[in-house]
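Each of the next two complexes has subunit A plus one more chain, namely subunit B in the first and subunit C in the second.
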Partner chain A sequence: MKQVTLSHVGKTYGGVDAVHDFSLTVKQGELVALLGPSGCGKTTTLRMIAGFVLPTAGEIRIGQHNVTEMPPYRRSTGMVFQNYALFPHMTVSQNVGFGLEMRNVARADIKARVLEMLRLVHLDHLLDRYPRQLSGGQQQRVALARALAITPDVLLLDEPLSNLDAKLRHAVRIEIRQLQRKLGLTTIFVTHDQEEALAVADRLVVMNKGRIEQVGTPRELYDTPRTAFIADFMGRANFLRGYVSAPGTFLTQSGQRFYFSGSAPSSTSILSVRPDCIDLVPGDAAPKHPNVLSGIVRAITFLGPVNEVMIGSDTGQTISVHSRTASHDIASLKEGEPVRISWPVKASQILDASDWPDNEGRYKNRTED
Partner chain B sequence: MGKGGKSRHNVASLAVPATLTVAGILFLPLLMLFRISFNQYDRYDLMIETFTLSNYTEILTDSFYRSVLLRTFEVAVLSTAVTLALAFPVAYFVARAPARWKSLLIILTIFPLFVGNMVRAAGWMAIMGNQGFLNQILLKMGLIGTPIEILYTPSAVFVGIVAVVLPFMILSLQSVIEGIDPNLELAASNLGAGPLMTFRHVILPLALPGVLAGTVLVFILCMNAYAMPVLLGGPRFHVMAPQVYQQITGQSNWPFGGALAFILMMTTLILTFVSTSVIQRQYRP
Partner chain C sequence: MNWRTAVGFASDAASSGVLATSIWRFLYYFIVLSVFLFMFTPVIFVFWVSVFENAVITFPPRGYSLKWFSNAWAAGAFLDGFLTSVKIGLFAMIAGLALGIPASFALVRGRFPGREVLNTFLLSPLIVPGIVAGTAIYIYFIQLELWTGVRMISTLPGFVMAHVALTIPWTVRLVSSTLVGMNKSLEEAAMSLGARPLTTFTRVTLPTIRPGVFAAAIFSFIVSFTDLEMSLFLAGPGRTTLQIAMLQYLEWKFDPTIAAVSVVQILLIGACLLITDRFVKLSRIV
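Let's look at the complex of A and B:
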């Protein structure tokens, strides 16, 4: 397993930047997730590392080797495709052994390695099956075994879980993470699912429109997003537009005052607060936190462990609040009745709004209208 | 269940008119010709109703007809093989072309079929003749001193036939290659297979149904080629289809022509069946 370095890598298709000035070092044994909405350039980046797409700018190194111009079959990258791309005319063991056969490994050694790889993914009882005879989860594991059989320098996963049902996805992502740790695999994982990325990655690279928005550990990106795009992408958030009027104080456009801690950008800003950080204030009780906002309950949606309460607030915006089903606050709530909400100072995130909201639909969970 | 069975029954009934038409216009004449092939030719009465195998034994024992059959077979096999080799890269290119170019490329592929075989043969004659386009160019370039004989050679027939059947092979291959997931090629490449290995181990085995369909179709067309051998091969070049025509219209020998036709058909059927099953067995997944 080796380190992978991308320096100022770019790809232009007919004058349009698919990927722009992408620089990243994936350390040996590290799992990095490339995360972003569809069309953000994450798959193109992965394909450039595999060699399927030639960059129009920059340099890619695997270990010490400059592989920028090298055809895919001379690199040693193990790729798991979104649709698995198993050879339909070959059995499970022929699929897993294909890469070794291409490397002219002795037949007996291929057999041993194939068995070893299939044991690793718990499929050593299905050696002679054809891909069409396997379930989606089994196909996915064969694809993983096939990619690992050639002892690649880097493992590339292109949305490997997106074709599995929710329950299986959860189990397989844990399995992939354990395998990756156990074998010390340098891994690059492409996904559009932030929850998946948060769960498996050592570091996340959030991409938007071909550029890197932010790089960091899952915790860093979740707790201290740099832009509204990241905050929104990393989980549902409520955004209030306004500006910082004094240190620690944020004034919305409609005149409400909210408090936050830490430093903040001075320009036009957005205050972001996550639905699960907001408390409902019961009846006439005193609010627990200094940030208070009142409004009208528009809708209550039961989501299992939590209820999502949509509140038409006095700022004119709809605010989403996640209230735990087990709490008593939710029971007394009725649609169409007034309600007060509050959140702690440290739950307020001030974000740079310089790129907000220039583009409709850019923030998938926007609650601002 | 009952409902499904009923609807399937209805769908099947839709095939009845076509089936009857095919039976009427294809099998009935064939049956009649088959019966005629056992009759006796007579110089004065032309045909005597009887049941004899003499037409068949004559064809199979006569060295002239044996050599005609062999030549037909040679031309067909060679043309089919060359057509396959020429068509595969084109079919691959068309199948992997961007969607907006694809329909244009397919129209270009079938475009030659808009012109009948006779017309095309005439075109080839203008190119290949002693005073033809090709000889003029070669003379002007000083590559040859006197016109060389291109027309009325086996090579001319061969070129003509390949040009006719190429579109059929391309279309058969293209439709199957299009169904092969391009990610499979990337996966093979990712696992260390160069272009040649990817072709051999992934594309070719998966394109085999198309190869078989195209080969069978083209082989049948080549075995039964008429216009090209007659017009480009000249009077001394003999293959089966023109011989059938010659016997029936030239000599009015229906029994002998019928027997020739059936030997041609059976040979084609048997060769197709045998080669198909051999290839299929070899590549069975």
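Let's look at the complex of A and C:
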């Protein structure tokens, strides 16, 4: 397993930047997720590392080797495709052994290695089956075993879980993570599912329109998003437009004052607060936190462990609040009645509004999945 | 009828609207059956006539006999024609595949100006009447003979060259359609595992499109084997195809021998199609 380095990599299709100035180092044994809406360039980036797409700018290194112009069959990358891409005319063991056969490994050694790989993914009883006789989850594991059999320098996963049902996705996700840790695999994982990325990755690279928006650990990106795009993409958030009027103080366009900690970009800004950081203030009680906003309850949606309360706030914007079903606050709430909400100073995040085009609280260029 | 439809039928009959439905259903099956009958009647008659005893075909037959089959065998012309047709068919099929498979790749995978035009051009023999194509090829071959002095008409290479025009459209059409449906990541997977382009082609691409290639081979053979119009211009003394042998026989004699030959031919082609269908569902490709 080796380190993968991309320096200023770019890909232009007929004058359009699919990927622009992409620089990233994936350390040996690290799992990095490329995350972003469809069309953000994450798959193109992965395909450039695999060698299926030639970059129009920059350099890609696997270990010490410059592989920028190298054809895919001379690189040592193990790729798992979204649709698994198992060879339909070969058995499970022929599929897993294909890469070794290409490397002219002795027949007996291939057999041993294939068995070892299939044991790793718990499929050593299905050696002679054909792919069409396997379930989606089994095909997925065969694809993984096939990619790992060649002891690749880097493991590339292209939306590997998106064709599985929700329950299986969760199980396979944990399995991939355990295997990656156990074998110390340098792994690059492409996904559009932020929850998946948060759960699996050591580091996340959030991409938007061909550019890196932010790189960091899951916690960093969730807690301190740099832009409104990240805040919105990394889970639901409420956005209030306004500006920083004094250090630690944010003034909305309609005149409400909110407090935040830390430094913040000047000029026009966005205050972001996550639905699960907001408390409902019961009746006439004193609010627990300094940031207080009142409004009218528009709708209450039961989501299981939490209820989503949509509040038409005095700022003119609809605020989403996640209130735990177990709490008492939610029981007394009625649609159409006034309500107050509050949130701690720490929960206010000030974001640069320069890439924030509309007043609707929705990010304009975000593709819904 | 299973119990579900049976129950449905009984409860349906209670309302008048459903009576109309069953009339429509009856009409539907009646039309379907009629169409099938219409299509199969000639074949049924050919089979029937081939075992008539009397030489002059009259209904009802005086008796039944298999002598026309042995008569056809003894005639010699049919056997010669059959062998010639098989030879032409096989060569035309192989040449058609050798040219049609690369063409399909270019048409499906390539991005070049005039791609659509080329595609239409390669399929065009399907829409040109055989007699027109035959005339054109005949004139062209005569010119070629005049210029080069090499005999083309009523030679095996001449037949094969002409018949390749018949087999290419089928090859291109059948191979292209499997190629379009092929998952491209299979080839990428092979390459990421270390397979060079040529190995990828022989080990992954070709096996994946095999059903299409197989269907193309069978269909090519059949269109070449059953062609009459184009061959009519190219046949000469000592080299006739089975179809021409049959036509020539009919010109001076009309007895059940011709039906016997047809029966053999229908069974052969039917067998070909059945074999093909075992490998690839024809209904999904053609």
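Keep this in mind: the second predicted complex is superposed on the first by the 358 of 369 C-alpha atoms of A that agree within 3 Å, B and C clash if a C-alpha of one lies under 4 Å from a C-alpha of the other, contacts with A are read in each partner's own complex, and residues count from 1 in each chain.
Convention: contacts are C-beta pairs under 8 Å (C-beta built on N, C-alpha and C of every residue); 3 or more make two chains touch, one makes a residue touch a chain.
Remember, predicted model here, so these are calculated numbers, not experimental data.
Overlap between subunit B and subunit C is detected when the two structures are superposed via subunit A. Once the two complexes are overlaid on the shared chain, A:T77 sits against subunit B and subunit C alike.
When the shared chain is aligned, subunit B and subunit C each come close enough to touch A:P88. Look at A:Y130: by the touch rule set out above, it reaches subunit B but stays clear of subunit C. When the two structures are aligned on the shared chain, A:F233 is found in touch with neither subunit B nor subunit C. By the touch criterion stated above, A:F260 is placed in contact with neither subunit B nor subunit C. Residue overlap on subunit A between its contacts with subunit B in one complex and with subunit C in the other: 50-52, 71-73, 77-79, 81, 83, 85-89, 98-99, 102-103, 146-147, 150.
On the side of subunit B, the complex with subunit A involves touching residues 181, 183-184, 186-194, 197, 201-202, 205-206, 285. By the touch criterion given at the top, residues 183, 185-186, 188-197, 199-200, 203-204, 207-208, 210 of subunit C touch subunit A in their complex. Considering their complex, residues 50-52, 71-73, 76-79, 81, 83, 85-90, 98-99, 102-103, 130, 146-147, 150 of subunit A touch subunit B. Put simply, subunit A touches subunit C in their complex at residues 50-52, 71-73, 75, 77-79, 81-83, 85-89, 98-99, 102-103, 146-147, 150, 156.
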